[in-house]
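What follows is a set of notes on a single structure, which appears directly below.
Letters A, B, C and D mark the chains in the order given here, with residues in each chain numbered from 1 onward.
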Amino acid sequence: MAQIFPVWVNDIPKRLQLAIILVVTAIIFGFWYFGSPEYLEVGYAPEQPIPYSHSFHAGELGIDCQYCHGSAWNSAVAAIPSTETCMNCHEYIGLDLETTQPLLDSWESGDPIEWVRVHDIPDHAYFNHSIHINTGIGCATCHGRIDRMDVVMKKESMSMGWCLDCHNDPAPHLRPVEEVTNMAWEPPDDHNEFAQMMIEKRNIDAPVYCNTCHR
Amino acid sequence: MGNQPQKTYWRSLNELAQNEEYKKFAEREFPEQATELTDGVSRRNFLQIMGASVALAGLTSCRKPVQKILPYTRQPEHLVPGIPQYYASSIPFRGNLAGVVIQTHEGRPTKIEGNELHPESKGRTNSQQQASILELYDQDRSRNVRNNGSDNSWDNFVAFCNDHFSDTDRTVAFLSEANSSPTLARLRNDALERFPNARWVTFEPFNNESVYSGIESVFGRRLRPLYHFDHTRITLSLDDDFMQESDNNVSYIGDFAESRKMLSPDDEPSRLYVAESNYSLTGSNADHRLRIKSSEIPPFAFALASELSRKINGLDAYSGYTNAFNDHSWIRVLAEELVAHQGNSIVTAGAEHDASVHATVAAINLALGNAGETVEYLEVPHLDATDQNEAFHTLVTDMNAGTIDTIVMIGTNPIFTAPADLNFGEALKNVGTQLHLSHYFDETSKVSTWHVNRAQFLETWGDGYSWSGVRSVIQPVIQPLFGGKNEIEFLNAVIHGTDESAYALVRETWRNVFPDDFESHWNRVLHDGLQTDSRFDVADVYMVDGSAEIITTYLNESTAAFSDGIELVLKPDPKLHDGRFANNGWLQELPDPMSKITWDNVALISPNTAEQIGVPPARKFGETRQQVIRIQTNSGRQTEIAAWVLPGHADRSITLYTGYGRQQVGRVADQTGVNTFPLRTSSNRLVQQNIEVSLAGRTYEIACTQDHHSLEDRPIIREADLQQYRDHPTFAQDEVYIPGTHGGEREHPLSLFSDKELPAHEPQWGMTIDLNSCVGCGVCTIACQAENNIPVIGKREVRRGREMHWIRTDRYFSGNERENPKVMHQPVPCMHCDNAPCEQVCPVAATTQSDDGLNQMAYNRCIGTRYCSNNCPYKVRRFNFFNYSKEYLTSGDDPEIIQMAMNPDVTIRFRGVMEKCTYCVQRISRAKIETKKDTGDSIKPKDGTVKTACQQACPANAIQFGDISDRDSRVSLEKSKDRNYMMLEELNVRPRTSYLAKIRNPNLDI
Amino acid sequence: MSQNIPMVPDNQLVKGNHDFASLTKLISEIPQERTPLWWYIAFGISNLVLAIMLAMIAWLFWNGIGVWGLQQPVGWGWDITNFVWWVGIGHAGTLISAILFLFRQGWRTAINRFAEAMTVFAVMCAGIFPAIHVGRIWTIYWIFPLPNSMQLWPNFNSPLLWDVFAVFTYLTVSALFWYMGLVPDLATMRDRVKGRVSKMIYGTFAMGWTGSNRNWQHYEKAYMILAGLATPLVLSVHSIVSFDFAVSMIPGWHTTIFPPYFVAGAIFSGFAMVLSLMIISRKLYKLEDIMTLDHIEKMNTIILVTGNMVGFAYAMEFFIAWYSGVEYEKFVFINRAFGPYSWAYWIMITCNVVSPQFFWIKKFRRNIALTFILSIVINIGMWFERFVITVTSLAQDYLPSSWGYFSPTYVDVLTYVGTFGLFFTCFLLFLRFLPMVAISEIKGVLPQADPAYYRAQNGNTKSNK
Amino acid sequence: MSSKDHPYGILAEFDNPADLMDAALSVNKAGYKHFDTYSPFPIHGMDDAMGMKPSGLGWIVLVHGIIGLLGGIALQVWSMDIAYPVHISGKPYLNFPAFVPVAFAIVILLSSFGAFFGMFFLNKLPRLYNPLFNSSRIAKATDDGFFICIEATDPLFTVNKTTDFLREIGATHTETIPN
């Protein structure tokens, strides 16, 4: 009886093993990296109908977050300011800029400005701004240094895991309530004592059961 | 909907996948930030938002669909996006206002609650009131003015009126639905002044005319009886379903429940006797119930009166009168009972019964000294002076005679509802011009010269009185979605030919009410939703001269001999009334309180009668097809309708509900049930005797939500007679032996595992349902549906047993089905077990227990194995077998309208996920967050701040909810009562929801 | 060399005068000869039915679970019934190859290959149902413990999850076992088939097997160990499947007798299925010498035993229901026999308890026609057993208000029928291309395989050449 | 390359299992180490005849089994108690009775992998090219042939001596397998 296979096929198994190992690891890590919200979400910075610069308004001019997004302090949503809010100033300044034109149009016509949503959590997750702010979670903690962004960009993955990380151990993210809008705030050296004190005093126990966010 | 009459939300599955662009909405109402709608929305703006949000389907960036946010251009003050606002207003029904508070999210009315300040509603509501929010968002409502069927404009209509009514000699007939609005009354007077030949007729297919007439014949005035069931010890209802059909049912149920409250065994609950033909909701709550034909009610009343006349004064007119009932055991017992409770008993009779019955009832109440005590007779200014049933009759005669030039129909739908013998349709043809104001382009609109689309009470201003005379303003919370007008604007245009806003007209009226300092009073009224201490005057009543003669004639007319033929009784449907709510999916899908039938009306008959007709007296388990019977009245009118055996129904009697079988009105109303109005004649409004019934030889599928109606002697509902309860106060707990509790020594049965410790800083939620208070009306189901975005799934799916209601009311019969079985009602929401069987079997831990003790369901984690539902002993879990919500929210031409009705705080469930009662967790979360923000360190809301939707709506106040770790909370107090028990406690699932046993108060002499 | 070997006595496992070569020929010829017409026809039909199944599943995915007849309260109907039924059938193979192997039952060699193949295919069919019965098929991977950005994990308390692991393990191990047994025979095929391509294919899968004794040593060890592992596995799988019911709290499900009862039932139906298939194929392929009447009789005996175990379990359920004094339990079982589903119950009793009683009589045990009919009847009966357990318990549980009658839709029915398409497609391919009897093993049980045999003939084998 | 100077080994055929067994015994006695017997089915007693050590497969399986057990328990303990503990039916996070089935399944699964792949590993399979296949007769080894092959790598191996030796011990046919 003659040989069916040439001699070299005997090496195939070894090579195959190696190949399989490589491919599998590649796939796993591929998913791990490219499938992760960090990759998919972070860095999303769509162009807005008005090239509104936070770094100018919030940074240079130092307008406080509350001025435009005040509802975040007592409501679930941090609403986008109405055209009216903008017009409080822009009735007097920046009228000549063509960048403010859409604003004025909206003011004339009464049609809303169509901002593009940057921070969008799924509809089945209910996030409440007010409780976080009033417990001393800073704007920057989730939104990053808005005051340095010309175009608003998503800084955090805002995945469920990301939420849980903080809810499981909120201490590092707590800050004095009056500092929440302070973009530049850095935890002092004695932060841990402070955090513990807050947790004691305000009885902070960030819940992690489903109903906290899903209803 | 003319173009697609057949199309219905629930039938066309193929519709499902199409509307891709609305995908997002199917998952949850519409973008949270689309806050444009607030100060009332014009559809143009509204559609812009939709348009914008629609964009997301198309445009996609590298990452995900682009979502647009549309902020306000001019944000209304006091409005914070994401925080609901509440406005006090009122709901008109048959001319009586119910005080309500309306919740709006960014300008969308989303929920209706009762107005706590209102003396009648006391913060409570009934099914129709809860469901009226859906009516607002009904796409099938008429959207524009039509002239001879073709579209036209309001301005043209006003112009037409200007021209048409410039000739004031016209013989104008105003045909209005019952209405108590002072503003309308003012306009009415203007009208009658302006047009000397005009007449005003109030038409309601089901009304209180014979009540008023009856009272008039003995008291000399048309007065409105107001019952105080909370003060009564003995109540006798003669075929009067005051818990369902009365205009005042919300406060009546509340008062009745109040009179039955059992805080301890020593309490004295009132006793209810009911004599009726149909097994009504009221009858199901009776301590003693007598099955007699409705035609036997008058003789029964007379016999009672004559029996009483031998014991007390004031009923001499009846003394000596005899009929077959005189030696009936009930008459004797009732007479004793009533005499023993003079001044704190009540006798009532069904509104549609003859004047003679109401005269007798009034006489009895007066003689018993109940008048002024438990029954008050109110002088109602806006009541018509004469019997409107007769007025309507003469109107039709004149119309046929061609002497009516123009008819102005305000809100009513006589073509559908008028007595068949009058043949209103023909009569209307003899009228030169017909103007019609209505919500839908309905049967009457189709044959009218002008149809004006009507604005709903949430859309325009109005005013009026409640049943007891509390004066309120109807305050709109949104601009008319379809640019409709309400009766005030309409009538004003007709009379004055001007386009006045209802707002101006109503304020004008109220200026007379508050001559000085109007604005502050006005604002107060708007804030409270009513004018404080406004109430009708109580008339002091006495038998007027000549009443005796009238009574004598009544007695002589009454037929002493009873026929043993089959008789037909026509009643308003408990849900759809006369059909005005027929296009309301929530009401259509709400199971009938007694028969548990949805989407249809049937011929209710007793088992004996069933056999007599040839219908099987008992339903085969799982059988949805029912025998259809042909009913022919002696006037030759006939119809075919499915027969339904209702144990406890009177023999040789058939009860039919009206309001079904409407054609081309809306996608919900069409092709549901059978129109029974054609059987109704002006002479026999309620009863038609000696009808012919035969099998039609075909069957018809009925969607009934409860297949089996016997308790099988299982200790699921626990009840006792008052005496048993006093002898053995803890009977409820002791009824079942709980292994391992050693006779209550241990709180819970032995368990393999040690008890779970839940964090102390969390509240522990729990609920009690007092079966002694619950009357089984089913409003909890609708309230829950409104609060929790529960879709309407349609007859086919309900028939398959896939109803989605989170809280259902189980109805069981016990005792002899052939004779007079007792009925028990039991609302069943999720029990939120501590050892929930559903949790352990879920392979992905989609349902788990929260730290505050809720059995939480994470929809988006659910993969849909249905194992949890299988393993739930209470079967309270509901599965999305199809993409119900999507079908519900994306069907029709303008799905975004129904989407506006959704509660933004509740996720809309996707196909293939399990769902169930959440104890209204959205309300809990809101309360906990607010508490934390206020106190800074606690997440335990004050007792009573969290109310579940069902609890809030319940007119009987049967449901308590709160923190059971707080020993003083109301719910804890309830749970500490001796009647408290847990359903299926022996399974050791430790439900958080427990029941309080029902106590009956029978008269041992019967 | 066969001529002077004495007639093989009756108690021999292989009838007829077979030596090694003739056996090799008999079995390895089958895949080589021209494909018979009946095969093409059968295969065509199977494919058609398989296509129907795929269509039904597609329809299901498109519309949702609603296309089945399921409702409140019956959340599981034909889906789980079919699953349990197929898994049950899938028990015969491993049982025969593993347990009978450990018990040194030589006769298993005639049928184990075939039974193992059936096992693998049956478990494939079974696996379909838990997969498609979920409402959101696209999220089904959540039941596997995979790291994810939600930081969520499956719930290891859930019997359904145990099921996933058990069935997956069972399928894998059965497949490995089956393939390992095939290797020497694939070598035989490799050395027999003409045609380069088929040589290469068989050659590849034979992995260069030479029959070297140093290989045989490890091979036998591995076979023994796998048998040792498969034995507890096969017993555990249906126990765990039964936990789906036993661990719940629905009367009629919550029953401690379930594990042994289900295993017995599984063997019962499994053997019946093996018989049905075997009786056909031994005729078609003239394998009467290998799959002898003795085999059929032995298997019928096992069917009789397990059938009676099942019958005992039925009786015991009733006794316990009565003895427990739990009204809900009592109701469920009375209701099974006399309630709305009594028809299903009595079909089950007739097929599973009554019909096997024939096998008390040797004549019937050795009657091929009867055996064939009964083997079919038994599988019908076992399907109804699962139906009765799954549906009737759910239909009428604790609250009478929530009782509901389940009736299937055409999708339910066709999906089930369709699985036979899958099963027979696979099985026909197996018959066509693989040796359906373990050649090397059956040679091993020939008397000639034992050296002692020749010494008995005082070494005269040398002379006769 | 010519088979003469570098053969793979000598292949000898025998009549039946008994002869093969005797032959194997003698070959082993003669001190040959690198030889093997080939038969269509395992022959009982052949291992001893060839003087082989018992198979070490059991140890491989054991190791896999232990890994499976530990891994299975670790997985469940970690995900149910450490990673994200949730209240489920009032049961403790560490609900060991519930962990048994999965742990068991994983043990069986890994052990089976051990046995299956271990077997091929120890047998150095797959080996699709095998010098033996150069022989025309070896095919009978999967049918009804019984062979001994003494490989050239054996120190005692020389083509002629070995061939003669094999004939002596009753080989019905011998052949030199080229490499």
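Here, a contact is a pair of C-beta atoms (placed from the backbone, for glycine too) under 8 Å apart; a residue touches a chain by one contact, two chains touch by 3 or more.
In this text, all values refer to a predicted model and were calculated from it rather than measured experimentally.
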Among the chains, which is located farthest from chain D on the basis of C-alpha centroids? B
Hey, which pair has more contacts between C-betas, B-D or A-C? B-D
Can you identify the chain nearest the overall CA centroid, using each chain's own CA centroid? B
Measuring centre to centre with CA averages, how many angstrom lie between chain B and chain D? 81
If you average the CA atoms of chain A and of chain C, how many Å lie between those two points? 54
Distance from chain D to chain C - Cα centre to Cα centre, in angstrom: 29
Roughly how far is chain A from chain B, centre to centre by C-alpha average, rounded to an integer in Å? 47
Flagged in chain D as touching 2+ other chains are 84, 86-89, 91, 95, 98, 126-129, 138-139
Residues of chain A that touch two or more other chains sit at 1, 4-5, 10, 164, 209
For chain B, what residues touch not just one other chain but two or more? 837, 840, 845, 848-851, 861
Of all residues in chain D, which touch chain B in the complex? 86-92, 95, 98
Footprint of chain D on chain B - complex, ascending: 751, 753-756, 758, 834-837, 839-840, 845, 848-851, 990
Within the complex, which stretch of chain C touches chain D? 1, 19-21, 24, 145, 151-157, 161-162, 165-166, 168-169, 172-173, 176-177, 180, 184, 187-188, 190-192, 203-204, 207-222, 225-226, 229-230, 232-233, 236, 240, 243, 439-441, 443-444, 448-455, 459, 461-462, 465
Tell me, which parts of chain B touch chain C in their complex? 13, 16-17, 621-622, 706-714, 716, 797, 800-803, 808, 810-812, 826, 828, 837, 840-845, 861-867, 869-871, 873-875, 877-883, 910-914, 984, 987, 989
Quick check on the complex: what are the chain A residues that touch chain C? 1, 4-5, 10, 36-37, 157, 159-162, 164
